[in-house]
Amino acid sequence: MTFLEKVKIGVFKCGNIGVAPIFELLLDELAEREDLKVRTVTTGSKMGAEDVEEALPKLFEFDPNLIVFISPNPAIPGPAKVRETLSEKGIPSVVVSDGVAKRIKDELGEQGLGYMIIMGDPLIGARREFLDPIEMAIFNSNILKVLAITGVLRLLHQEIDRLVAIIREGLTPTLPRLLIDTALIRDSSDFQNPYAKAKAMAAYELTKKIAEIDTRACFIEKEREKYIPLVACAHEIAQTAAKLAEEAREIEKYSDTLARKPHSKKGQPQTKAKLMLPPSPDEKVYKRWFKTLQP
Amino acid sequence: MTFLEKVKIGVFKCGNIGVAPIFELLLDELAEREDLKVRTVTTGSKMGAEDVEEALPKLFEFDPNLIVFISPNPAIPGPAKVRETLSEKGIPSVVVSDGVAKRIKDELGEQGLGYMIIMGDPLIGARREFLDPIEMAIFNSNILKVLAITGVLRLLHQEIDRLVAIIREGLTPTLPRLLIDTALIRDSSDFQNPYAKAKAMAAYELTKKIAEIDTRACFIEKEREKYIPLVACAHEIAQTAAKLAEEAREIEKYSDTLARKPHSKKGQPQTKAKLMLPPSPDEKVYKRWFKTLQP
Amino acid sequence: MTFLEKVKIGVFKCGNIGVAPIFELLLDELAEREDLKVRTVTTGSKMGAEDVEEALPKLFEFDPNLIVFISPNPAIPGPAKVRETLSEKGIPSVVVSDGVAKRIKDELGEQGLGYMIIMGDPLIGARREFLDPIEMAIFNSNILKVLAITGVLRLLHQEIDRLVAIIREGLTPTLPRLLIDTALIRDSSDFQNPYAKAKAMAAYELTKKIAEIDTRACFIEKEREKYIPLVACAHEIAQTAAKLAEEAREIEKYSDTLARKPHSKKGQPQTKAKLMLPPSPDEKVYKRWFKTLQP
Amino acid sequence: MTFLEKVKIGVFKCGNIGVAPIFELLLDELAEREDLKVRTVTTGSKMGAEDVEEALPKLFEFDPNLIVFISPNPAIPGPAKVRETLSEKGIPSVVVSDGVAKRIKDELGEQGLGYMIIMGDPLIGARREFLDPIEMAIFNSNILKVLAITGVLRLLHQEIDRLVAIIREGLTPTLPRLLIDTALIRDSSDFQNPYAKAKAMAAYELTKKIAEIDTRACFIEKEREKYIPLVACAHEIAQTAAKLAEEAREIEKYSDTLARKPHSKKGQPQTKAKLMLPPSPDEKVYKRWFKTLQP
Amino acid sequence: MTFLEKVKIGVFKCGNIGVAPIFELLLDELAEREDLKVRTVTTGSKMGAEDVEEALPKLFEFDPNLIVFISPNPAIPGPAKVRETLSEKGIPSVVVSDGVAKRIKDELGEQGLGYMIIMGDPLIGARREFLDPIEMAIFNSNILKVLAITGVLRLLHQEIDRLVAIIREGLTPTLPRLLIDTALIRDSSDFQNPYAKAKAMAAYELTKKIAEIDTRACFIEKEREKYIPLVACAHEIAQTAAKLAEEAREIEKYSDTLARKPHSKKGQPQTKAKLMLPPSPDEKVYKRWFKTLQP
Amino acid sequence: MTFLEKVKIGVFKCGNIGVAPIFELLLDELAEREDLKVRTVTTGSKMGAEDVEEALPKLFEFDPNLIVFISPNPAIPGPAKVRETLSEKGIPSVVVSDGVAKRIKDELGEQGLGYMIIMGDPLIGARREFLDPIEMAIFNSNILKVLAITGVLRLLHQEIDRLVAIIREGLTPTLPRLLIDTALIRDSSDFQNPYAKAKAMAAYELTKKIAEIDTRACFIEKEREKYIPLVACAHEIAQTAAKLAEEAREIEKYSDTLARKPHSKKGQPQTKAKLMLPPSPDEKVYKRWFKTLQP
């Protein structure tokens, strides 16, 4: 049981989901944390087996104490290879993925991997008549906003914060097994105003609808006349969902009750509501963490 | 002069700027390009010298044919070290950075590095009373939307596309030396409607204003009562800029003239406007590329 | 084969769905049609067997030439009784219902009844902590707007117009068998602008999402803390869907291409686009009607 | 003086006004009331004398204890015939109509009929170049939203609730004599926030403006170039009024003070404000009802 | 018949109406006209007889060739005195006023004064519980926007432009006799899109509604509980009207058809539509001016 | 030391800035103040030396006790002449100008003139291809709204109120020396909600950005293709700034905390927040005024 000065987090990404682009930044938003460092290796939008084989080994060379693996479809060969390797290595590892991963949930458990499956992190409208780099970036912008405001990103960083705190103490953490669906959003939300929460939940439900439509547009419809309107429709929903989420957040601003939970320099969770006041340590979260350590 | 089947792009990121999170995705938005692969190594939000020293060597192990280095402040020790190393290695390298980098523009040239300096990629409101992971993500979402819609991301990916095409032919490319300011946005825009362009330019100018305010809030004002309203003000402008950019894009939708420029499987630039029609090869861009190769 | 001066349409409603409140008005929006008259009998929001038994016979006393039966759940006892009676009477009858009716589609066919099943006509958030008369009316307002703009109401009135035209000639019409889902919306839309259509489709998909959430909130969740946020969330989506639909319609206004299809005094379908011009007979629709009469 | 298990309400509608389509639903929004049942007979958008003569008798066959007659212009022959018949029958009857009815207010009193005249329930833009079934439905959607949010529908259902409660006790109610104008909206509003109320009043005033413009467009202007812009202008105001009303309601959501007044199963008026709490009996309304019974 | 190098316009304002604050600026928006100069004398918000007596003489000391008198209520003593004086002096004079002036229209004609009566330039909500300098300024901002976009300001400056052109030639102009109501807005509008025009007309009708409500609130209602909601309601309508007008203008931007009619240095009317093109002389307006000079 | 019954304020305007058009109205928004009167002389949009020479003398003929001089660029010949004259006359005088005046701040002090320099009162987009009377009026409308809501107009009228109160007592006031920049907006704001204040500050920063862009467009860029997009961009920012300011004000409405500070009949400052309550004397402001009189 050794205390670590800094917990080293290795992040491996292949392919993209909504939370992937800014994942590491969530852990150290002020770039001041002294209790951790992050090293990331990615293969861009590709997730082939050869990509994984070439890139993954580099991550281990960083000697991470905790690994986060982010990928859209952890069942196909490339990502499956990653899971297998992580399972063998025995370093505490968490898979972050989207709704498609739900079906291998049990397998993930058997592999000894933690997971956070984000049901509302939808497939993009990947049709060449529609998707160019700009459309792709806008879609990511919209989804990112929804994931941030609804509380998904909060759940994510708090779970990793917990793991970091426990690993740093030289203890063995319970890995997360989270299916992030609307019920969890509803029950763990930071919103003070119930209508704000309802709007945020609505935004989250909309992202699930996007997934449904884009799946049809990308894998089922074969004719241009049929799939173009569908991907366009899905991305319009993404834009609408982002607006709805934003509206939810505005409500909290209107009553100056917007929760903010920055990390202290030492990595401690802090919390605050009134804008003009400073944050204070978030005792509630601490206690929850302790609990998970009790037998 | 050897033809490369695939150009391997190594991306190194330390610290974060608005284009960083989705940079690689811009190059291969459909994850189908057969002419390149991407490997990224990053150090999260940190940009210390030790972070660089530990992480950068891994990038070279991938044997990249082209390197992109993305960082907010390439003058400070960590990133300076990166630049120095890139300069020594002699692999074609491009620095992507924000307005702060303008003052080392000449130095970058002397180091033999290409650069794309994005004047409208602003500093975040990094004050602990204000910035938590969620606020950080939302800010990134807003800035990403502005950069996408105004044309910054287009300029970025087209420059890299050009380099890839030329390197692939075994030729030596002229590295970009771009200061991406409103004038360039104005003169290279995809917008058909002049009011859409004016709104996009307005959004871009707003991001520069954010940079100005956040710099004051983060580095000059010392009292909470003074800097909190400033960072909050800057992030409100970010939200407004994103809306304004979105409005610009909507105008093009209203007349069905929205430009889309996806990559073909072979990495060729394509272009289209009417939503229901397929894209065709973008001859204009090709010709521009050729030109840069002539003496 | 007798020509009818006026076709008499008997409408029977028990319980409510989104199209029910203004259904008759769709057929004679200017109150000037000389080729039909409408008589409606309803039982308010109730749909019990006794309600049906008392009210339905009055409808037959009007001697209708065509019957339209509108109800949310045609499988439960009251409405089932109506279907059975209609089936026996042999008067051409069309059932208009919501997505729940999809599962008795075949049975409806066997009973010799036409049907128009509107997949995007969602269950209301019927929880007493949430739904009062005002909330109910607002929900209906939002759904009505979506159904109007997306084209559902167009499909509905054109089918009835067709039946009226054919019955009036003393001919026997083919009864409609329509499942009004997004694919039909997409393929039969009046929109000229493809983004307007995509937004309208998005609005329609949202109404289906409402149905899904309200079903969970009304029939599955048992605790107030769980179902109140869900019904509130569903109604927020309804509001959002109405806005999105409205936005779609605005696009057509912006290019002065908004389709209008009023009835002439004689009940002929007319059509127009430019606002300042008069409508002219809609030949396309006529031809489609003829077709259905050919063997 | 006999207690009635269920009060039977007969609703007769000829022609359409904004409150007509969902009137019955207001009385039993959850379809669970055990103290009343509703039977409606309507003639669609037509209001000719022959329509009335054929349809009205059916209503009486239901033996109603209370009759509500809804029509836009109770002075013209068809509706006048209805009033006359109701006056003769002696069943407690209430006329619900729009601003045009104001001028026969006294006559209604002399006929022994109650009335609720809604000054802000405007004439539609009934010009064939403009009004098709879709435009008609959208207009109704907008007006419905305004009537719901401003409090008109609240006044309506509470009056009928009162009549039902009193008739059910076997007592003779005082029939309502209400002119629902902005002053009444102002003085009987459920809004907690005074700006919300001001916005709601503004929305209501706008509906009166619509009536004024549509009257000019439908009955005074004769040339297409003159009346088309007017009906279009009136319907734009309807859309604006709906948005303004919605904004008023949002304000109450923002402070979680939105009043909800559902009916209990037994038909008792209930009331609540905070979204997550259950409703409780509305004592204030009860007391008001009693008062009207005292001599 | 002498040619004037510069026409000198004397403007006298007492009290305020919506067009008053920026009236002179309309005539020389680029401050480059060489054919006129403007001298204004005003008495602030006061319009007492003594104010007039003290201030008006100064105007004559400027020796104006044309006088414009702007005041909200030209029938009360102070402004009546102004009219009388203007009538005696014999210098071509035009009264610009709001709807209240309609009733002295004939008197104005008899006094030999021109007039432009703006029916949609409403009374402000002048109640001390509501109106402070800020609320006053915001109201003026909203009304100004409506008057600008709907075309009222266009009518105003074109009439004065005409007078200047004719007076400059040493000729005697026909003075304007304009009642600027919705019909004139409709018939003389610069809008290309008919829905934009309808929205602008709607905005203008709303300003007339404001006048109606504020008149009630300021002069009829005596209790605070009654008049405060009314003035608040009226100013909400002003805000809404400004938004609606802005929306109308946006439509023209969306199709790049927004009319611009700047003055040339020599004061000639110019016109243009496409944003990126230069203006050209407005022949249509010239011809209209000539016509008014023919007997 | 003589008490004055009415303080006479002479206002001289040449050229235009955002606060100019409604300046006098700020002092007497209800036209009921008995402690002052206002006389204004202006030269329209022109600010040449000859304009000043002709018009300024008239102002002195009114024998003002306090002079306010409003002009956009007090350094150029015309306005410089005004300053010089005011300096000689010795009547307490205050210059109100925009950011350009900052550089002659010290000179103004030396001339014994008070000043209020509004950094966020921007240059208009004065290019003939863009600016016509309508565009000019809309720009003024937008800027006026920003200046009103952010608190600039409050600062202005309170300073003049203070001078009036002191001069009326026969005392000699300290003239204001105010540079109205975002810091002052932040520190003297009436907003209760910190996010409202942040949005207002954002709006104000945007007006400064407009100044920057319009200066470039009007004085630096020479080609139409370059400057038209810039002025259009600047005016889009003005529209956005007005919306943002409006949003800030709405927040205060939502919690019924909007500050209102009307003048009493006797010119005393009053204050209030809850809409339905009457204002009361503003003791805080009084005390501040006294303080400035102490040595």
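For reference, chains read A, B, C, D, E and F in written order, and residue numbers begin at 1 within each chain.
One rule holds in what follows: a contact is a pair of C-beta atoms (placed from the backbone, for glycine too) under 8 Å apart; a residue touches a chain by one contact, two chains touch by 3 or more.
This structure is a prediction, so every number in the text was calculated from the model and none was measured.
Which chains lie in contact with each of chain A and chain E?
Neighbours common to chain A and chain E are B, C, D, F.
If you average the CA coordinates per chain, which chain's centre is most distant from that of chain D?
The most distant chain relative to chain D turns out to be B.
By mean C-alpha position, what chain is farthest away from chain E?
Comparing chain centres, A lies farthest from chain E.
Copies chain B and chain E touch; is their interface built from the same residue numbers (over half shared) or different ones?
Mostly different residues: under half of the interface numbers shared.
Once you find the CA centre of chain B and the CA centre of chain C, what distance in Å lies between them?
Their C-alpha centroids are separated by 50 Å.
Using the average of all C-alpha atoms in each chain as its centre, how far is it in Å between chain A and chain B?
Going by mean C-alpha positions, chain A sits 23 Å from chain B.
Tell me, which residues of chain F touch at least two other chains?
Residues 194-195, 198, 228, 232, 254-255, 275-276 of chain F touch two or more partner chains.
How do the chains pair up in terms of touching? List each pair.
Result of the pairwise touch check is A-B, A-C, A-D, A-F, B-C, B-E, B-F, C-D, C-E, D-E, D-F, E-F.
Could you please specify the touching residues of chain B with respect to chain A in the complex?
Touch list, chain B to chain A: 15-16, 21-22, 24-31, 37-47, 51, 54-55, 58, 61-62, 126, 128-138, 140-142, 144-145, 147-149, 153-154, 157, 224-225, 228, 232, 239, 242, 246, 249, 260-264, 270, 272, 275-279.
Can you list the chain F residues touching chain A in their complex?
193-195, 198, 251, 254-255
Can you list the chain D residues touching chain A in their complex?
By the definition above, chain D touches chain A via 253-256, 258, 274-276.
Spell out the part of chain A that touches chain C in their complex, as residue ranges.
Within the complex, chain A touches chain C at residues 182-183, 186, 194-195, 197-199, 201-202, 205-206, 209, 213, 226, 228-230, 232-237, 240, 244.
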